[in-house]
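Each of the two complexes below includes chain A, the first together with chain B, the second together with chain C.
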Partner chain A sequence: MTISQSELVADLLHFVQSRGARHAEVTSHTDLLESGLLDSLLLMDLILHIEEVSGIRIEGDQVNPSNFRSIAAIVEFLLKAPVPQGSRSDRR
Partner chain B sequence: MDILLLQAEPPMAAPMATTHGKAAFRASMPSVESNLGSAFFEIAHARGYYPAVVTEAGTYSYEWLLHSANCVRRYLCARPGHVGARVALQLSNSPEYLAAFYGALLAECVVVPLPISIEKPHCQKIYELCQPDVLISRGEEFSPSESHAVATLRLCEKPEEEISLPPLRRQNHDLAMLLFTSGSTGMPKGVMLSHRNLLANACSILHELPICADDRTLVVLPFCHAFGNSILQTHILSGATLLLHRSATFPVSIMEALSRLRATSFSAVPEVYRMLLKFGQLEKWSLKDLRYMTVAGGELRYELAAEIERRIAPASFYIMYGQSEATARLACLPPQQMHVRRGSIGKAITGVELAVMDDLNHRLPPGAIGMLSARGENVMLGYWQDPSATADVLSADGWLRTGDIAHQDTDGYFYLNGRANLLVKVQGYRVHPAEIESFVETAFPHVRAVAIPTSRGEETRFVLFVSSESTELVDLAKIRATCQNQLAPHKRPIHVELLDRFPLTSGHKVDRAELARVAANISRTDTSSVAVLSAKTAAEPISANHQIE
Partner chain C sequence: MKWPLVHRAVPNRQIPLFNRFYLHASAASQVDPIMVWGTEIDADALQTYLREQNRSARVVLTPAHALIRATALALTQFPEMNVRVVGHRVYPFRSVNIRIVYFHRKNGEMDLLMVQDANLKSVEQIGLELWQRLLQAARSEGGRDRDLARLRRIPAFWFRQVFQFYGLIDRNLHLPSWGRLDASRGGCATVNDLSFPGAPPMRMYKATRFPDPADSLNVTLGPIENKVVARSNEFISVNVMPLFLRADHRFVDAQQAGRFLSSVRNLLSNPKRLDSEMDHSDIITGQPTREHRVTTD
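Let's turn to the complex of A and B:
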């Protein structure tokens, strides 16, 4: 990973907070699903953004409600689950 | 305008399919000579306890739906001058939406469905245009204002006396629905759909797709969208079941819902299929009941369509094409033709004529590129109170100019070649850049704005270019915040860029092609950081003031 954990949290916070009035109040522990802030448009943009800033490729089984429930949860799964090489059968 | 809030109580017990259910029932094709309200009434009456809608809260039967629609009808009929009055719906996909929709038709009103995420000024413009008498919403989706009278109607399961079909004076050529969409100038236009339009398109689709009474279709498309509305009408008129999935956010939750709810069919826009292919892990799920999927509302590359087809086999994949002005759908590519006619949107569906025409509305031969035009009983009556915009797209002999540039092969299969205007599709929604531009220019009167669609991965997003029209400084952060706070999500620019002046074409118009090249550079770089830009046109250099926050 080319970016530190705190940098990644700050970067994702900035990315999500700039999405709208309701998003501006988001903290790293805000439940993005319960609050209805994460729609499919934001999810896809978020994944693309994470892949760009961190160099990590996100796999199909990682895109689930528990990994994307909050910014803290996203960063946690990114740090915990380094992408094994050669397991990209889901990606097109 | 008065407000009616609907509240569907959770059903007491899941109604079981009775003797009406399963293979025993077969809906007859509705007559285009009838009225959509009465066609609904007959089906709902015949289906009784059979499930019409399944949500996380439970299963709502056709009887519940009929009873609830009748409650809405009674409320509306008690109002003076209700025949032909506009009834706006601001409801997410829910049992309440269906009750409101058919209740308004049974009360002989005109339904005006609006998206939940609609911007306030845009919504206000629509209200001014069509002057709704009543707005129907739900408590959790409505923020009350003091100027409106609010009534609440609880839709509960209660044994009701036999409901009989009220006498309906509205004829099949009368207006049933106003579907607001982006016109070719970016102003909202109300597509006027008659009972006949809606019934005719439903019949055409029922000819092309194997929809039957025991179908259970998973719905992620909003009913207020032409595509979503056509799924609603075709399935209710078949006596089938709608499985409402509240969140289409996670590809895995769509797959999980398809599997757990034993869905037999699924329809979505290309964005959703691209998401499913990337992150849905399609092969992991057992989709034993799935018979087919359909895509419409935008272009899905052949390779991706073929990949979906391969992964859902033995279920079939139908590629369809349509637009709101034609009620919903116009063409269908049968699954067996997908690999033979790569990239085709298919043939005209039953009851629809499609042709490629020149500027004088003369038919062009196969191979020639021109305006894709459509004729049929599904073609709208026109745009609401806008005869000149109607005349621009609808000829006296009933041909609708779709705005899509296309050609056909010698066997009558059509292929899209582009757009004749600036409209683009984002998540199945038609967006005109002028909607974003006029929004920004209204909020910031000294700013000139140009919105340019650009590709971000496989998706389409907007980059906004702004330039000062006066000596005042441009507050980029404020423009960005205003867009993010007030524009609907699919219209929000991913990047705002300040230019000293816009590049111009030789005709002194803003050179959108040049800006598209600049936008492509921007969207390739990280959009949250400072964009590095050195765009030049052949005619004149443009300088970009890099944004600093």
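Let's turn to the complex of A and C:
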């Protein structure tokens, strides 16, 4: 499976927006932490979803606010992360 | 193999007679020693603290991390509550270890994590440890998950026999903990963060006692709710979170339980204190009513 940056943004936006009415207006630059939209349950689901679609393994010390502040920040973090061999993704 | 409890029980003379009535009551008398006390905390203060911390912290912090730290600091202040009952005796724990209930993504069920020495760790250190272990559990990595998988494979009949026998000896004998699964016996308090989005307003909550005699206390935080209150002769809108304590009358009375809960409440309502040095007199106005002498042998 290959996934581009724009597809990754769209996928994560859809994942977060489908969480409920409060999340429906989220954009890629919405500050998820300041707005209080990113609770621990959503964050955990988001991490597991990211690992599934990108093949990138996220460690506990990478669950930091700068990496998960917004969808744009998450994608930026993923683009910098090393892609494991045999990954399901091929980021372009 | 570890010994979570100190070797010497609290001497009978140090246990108030009122508590001893509960401690030595026969099963036939059907005494229920469990008491529950509910209060509220200032949610705005906690949310502001977490927002500020999440601008610079090394890890995303949540109310659960603050709750663990607050409970650990309160137990440091009230060591007479950091105990469990074995047989008809009360034993203090060697350290302040806090269990937290969490949803195990991979298994689709609840599980427990133990934060060791939570009173000696910052909110950030607790957050980092929990995220690492939650991710590990979500991937079914680590020894505990392998042990849980083995436990699930035990036929129901043998599961019941083993569980009942283990419960019998654990209730009556001062035992070490020797495995990953029974390491959760190493602390007296369980915390529960039920402030998840979509949770209904919490008017009352009685946490059940996990079938583990070490589970002496439970501190539960509920969801944010908006309320109108009167302050300085005017009505204002504030956000609050319910906070519930389940305690055991065999070693604590209602006054102590109230002071302990007040300490947790004040820490969560003034969360900057979670990161400051422990200062007993600064946390609550009251003083611990009594202390068990903890023998470290």
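As a working rule, the second predicted complex is superposed on the first by the 80 of 92 C-alpha atoms of A that agree within 3 Å, B and C clash if a C-alpha of one lies under 4 Å from a C-alpha of the other, contacts with A are read in each partner's own complex, and residues count from 1 in each chain.
Note that in this section a residue touches a chain if its C-beta (ideal position, glycine included) is under 8 Å from a C-beta of that chain, and two chains touch if they have at least 3 such contacts.
Predicted, not measured: the structure shown is a model, and the values here were computed from it.
J.: Would you sort A:E34 into first (chain B), second (chain C), both or neither based on which partner it touches?
T.: The answer is second: A:E34 touches chain C but not chain B.
J.: Output check: A:H49 vs chain B and chain C. Expected answer is one of first, second, both, neither. What do you get?
T.: In the superposition, A:H49 touches chain B alone.
J.: Figure out whether A:E7 sits in contact with chain B (first) or chain C (second), or with both, or with neither.
T.: In the superposed model, A:E7 contacts neither chain B nor chain C.
J.: With the two complexes superposed on chain A, say which partner A:E76 touches: chain B (first), chain C (second), both, or neither.
T.: neither
J.: Who does A:G60 touch here: chain B (first), chain C (second), both, or neither?
T.: both
J.: By residue count, which of the two partners contacts chain A more extensively, chain B or chain C?
T.: Chain A has more residues touched by B than by the other partner.
J.: For A:A21, select first, second, both or neither according to whether it touches chain B, chain C, the two together, or no partner.
T.: first
J.: Just to be sure I follow: which residues of chain A are touched by chain B in one complex and then by chain C in the other one?
T.: 20, 33, 38-45, 47-48, 58-61, 63-65, 68
J.: Residues of chain A touching chain B in their complex?
T.: 11, 14-15, 18-21, 23, 33, 38-45, 47-49, 52-53, 58-61, 63-65, 68, 90-92
J.: Which stretch or stretches of chain C touch chain A in the complex?
T.: Residue list for chain C touching chain A: 47, 51, 54-60, 62, 64, 103, 105, 128-129, 131-135, 138, 193, 196-198.
J.: For the complex, give me every residue of chain B touching chain A.
T.: 247-253, 271-272, 275, 277-281, 304, 307, 427, 456-457, 459, 461, 480-481, 484-486, 489-490, 492, 494, 526-528
J.: Mind pulling up the chain A residues that touch chain C in the complex?
T.: Going by the criterion above, the answer is residues 20, 22, 33-34, 36, 38-45, 47-48, 58-61, 63-65, 68.
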